[in-house]
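Presented sequentially are two complexes of chain A, the first with chain B as partner and the second with chain C.
Let's look at the complex of A and B:
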């Protein structure tokens, strides 16, 4: 009986954790899927999003849920600047990204990752901080669900659904999907490829930094300059699990990973849980190299 | 105009002119530089020397998307549609520029009037359409940009002769609307039938040009082109 309760509890927590993982990975997925660039500094922008929520809470007294939209607006601007600073030179006038450009963007964003995390150590110190946000708990029988985690899970799903609606139902969203399929053809319908790619990058950053704010609910005392080193690989795994460029893939991958980590953690240790999270990549890549989603 | 890729020159001092409201065609064997010539016109390739003029303006340094905004549309080699988007979305994307978007509804009706089959396929992903239907989408998408001129690269490629004839009929219809076209074709007979003026390209050079009736009789054309087929 106790074992069943434990599993139900970890399943519920795993699903909620998975939702926020999904959003954090979703930003990477959009950029990877549309612009075909893997942003190695992805984790650092999650970290900056988390610090954003921390400082907004400290100075403006607002909750991580309210910080998420503020972060998203900042993310739009940061993503736009990031595109022109790091990607534009490599992507312009190219019909598909070349191996050389791929290497250049990997190296450049890797350098950016080191730069931001070290700058963060200087600015924020290495001491971990946290956001105090506790709107109470909800009780289902023996199950105590913290409302903060539940709210964050709901907002996470709304964010993913929102980006999906934007990409499916708006004209500019269609243009972004067109770009992800054929850059040259997109230019031949009269769209400036740089405009489309910079918009997609901005959208990806907005989601990433909003996700960083939401994540703070799960790291009550753990916001630190090096946290990106954990969440970047988690995001990579989620995107590969779900399939790069598949917008619901982020949710599928995130939920899979969240549940897996929580369940393994219940029966073993946290370290083994994170190891398992990466091990699951092997069977998925062997049997479904395009991701879990069809 | 001369052009090429990397260190390989493909087109040597080619000079061509397309008059308003006419169909000009470029015929010639494989590897003659036909597609290369078109790419310098739609902006996907920068010419090595010489220039491209459109409506009296020098557009040589314009990126491809700016040429589309200016009224120069393309049906590129291999059609280059968006296979995972619906027929209607593919068409609507043609109306990207502000000028075209204002009139998008009316243009879409015009395209559906021209190709009624596309209306039946509106919600279907383009990847699921037949070759002929895809060619219609490609022409329709170009029309959605509200062009003054359309550049077509091998519109008959992969199509049955009957379908090809149908497509060329539509192009003649479009000429009546005042549209100019520059068409590259392997299928020389079909193209020469509708053309007002033709260029014969061989090994990157224009070896003959003139109204198609004159070219059909020319010994050079037969030798250069038809004997190879």
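Let's look at the complex of A and C:
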């Protein structure tokens, strides 16, 4: 019975970890899906979100769950500024993004990632910090579930559902979806492409930085300036697994990855688990380039 | 096909290389131990230039080939007592073989998908290397060699020289025209008879070959290899930064980039050195957004005569 208990426990933790992975990758998914640009500095904004939660906890005494909305508001502003600083020049007056522009945005956001992570090392030092948030545990038979992780998992799913509702049911959301399908046609029906694209980027950043706050529950003593180097690749894999631009794709990709890591870890080492999690990207790209969702 | 005679850029680069050789011979160990790392940086920059510079596919994982070369030399030297030169050769061959295998799969992905595939491959390789006890605890191999700084120096010097000549040749040859056609528009290129898959693979394999060779010399000069630093993204990022700052795809850009990235890090005090990656990051942002051809592009734009001479 021990083995079954072990698998059930790993599955439960894998699912909860997967939820927070999903929300961390979700911001990247929105930007990638709508604006067709991959932000290489994505991990650095997750890191800034995590530090945001840490400082809010330190100075205002609020929990990561409460600092997520604060982070989201900051993220909106940062994303808006990011669009005009990095993407606007390459995207304006273009129907589809060219390989050349793609390279420019990759290189520029790569420079940004170097800049932010090294600035963070100078400002925050390399020492890892953590947020202490422990509302207790919930018991299902032999399964002890930390409430913090459960809350974070629920909030993560709510955030993804919220962005889906926003894009499907609201007028601005429809405009953003229209932009992701056809820039020229969107312009023809009277929407300013730059406004739409900047809104989508801002939304993506808000989710990313809120996700960084939620992530602090899973890394109690591991918030450090270089954490982006792990969470950015994880986000890339998740978005490719789910398919860029598919809102529920983040959740599917995140859960797949979370369960994969925890289950492989149960039978092999953590290194093999992470190697498998990263390598899964290659066959998916070869056989299902649009993601595992239809 | 109209292929012009070698121009001033090539002669200029050869003069710089001759100067570097003379400096090492005249001043010996003191100078060559500084310059050997400059040349390793330059060799790495030229090697990634074959991929990102020429084909236009952003490669974040080029450090993989460097690590393969480092481990090849370290294993041969420390376990089999082989001549380090043989290790460098083995690193180059392994780099080429791995580039062939990896390239066959990931060169099918375009743009961002290729970039992301290169990122995850390095992370996966790092985690796998830590699994092998043969590669030492924590993937660390350290060996002792009697110090002959001039041998690794002239090895890497030769590698850089070959790279410069090859970069220059490829840029002006039929292959180079095909590769540039892929860079501007891959589908259009294949419709006029260029075979993108084959040319991309050639570029990628050249990158792997020289990346492996440079990695071998790197572990030779540092007398060892550790998984952490060997697969550290810092090197990948520095290589990319060097060619973006110097000028992607050009024959002179990688060397300029290596000088800009390496020399300050050597001379700055440790307290200031912390700010160096910050400045490199800022430079990369500025170059990427405003000066797509790096320093070379800036020089070309500023002076009519330089525009004709620099390649």
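Note that the second predicted complex is superposed on the first by the 294 of 294 C-alpha atoms of A that agree within 3 Å, B and C clash if a C-alpha of one lies under 4 Å from a C-alpha of the other, contacts with A are read in each partner's own complex, and residues count from 1 in each chain.
Note that a residue touches a chain if its C-beta (ideal position, glycine included) is under 8 Å from a C-beta of that chain, and two chains touch if they have at least 3 such contacts.
Because the structure is predicted, anything quoted here is derived from the model rather than measured.
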{"item": "First, second, both or neither for A:187, with chain B first and chain C second", "value": "first"}
{"item": "First, second, both or neither for A:100, with chain B first and chain C second", "value": "second"}
{"item": "Residue contacts on chain A - larger count, chain B or chain C", "value": "C"}
{"item": "Partner chain(s) touched by A:269 [first = chain B, second = chain C, both, neither]", "value": "second"}
{"item": "Touched partner set for A:175, first chain B, second chain C, both or neither", "value": "first"}
{"item": "Chain B versus chain C as contact partner of A:125, first or second or both or neither", "value": "neither"}
{"item": "Touched partner set for A:137, first chain B, second chain C, both or neither", "value": "neither"}
{"item": "First, second, both or neither for A:114, with chain B first and chain C second", "value": "second"}
{"item": "Intersection of chain A interface sets (partners chain B, chain C)", "value": "none"}
{"item": "Chain A - residues contacting chain B, complex", "value": "171, 174-175, 177-178, 181-182, 184-193"}
{"item": "Residues of chain B touching chain A in the complex", "value": "42, 44, 63-65, 68-69, 73-74, 76, 80-85, 89, 92-94, 96-97, 100-101, 141, 144-145"}
{"item": "Chain C partner contacts - residues on chain A that touch it in the complex", "value": "32, 38, 40, 86, 89, 99-100, 102-104, 106-108, 110-116, 118-119, 121-122, 229, 232-233, 236-237, 240, 269, 271-272, 274-276, 278-279, 281-282, 285-286, 289"}
{"item": "Chain A-facing residues of chain C, complex", "value": "56, 58, 60, 105-106, 108-113, 115-117, 119-121, 123-125, 127-128, 130-131, 183-186, 233, 237, 240-241, 244, 274-275, 277-278, 280-289, 292"}
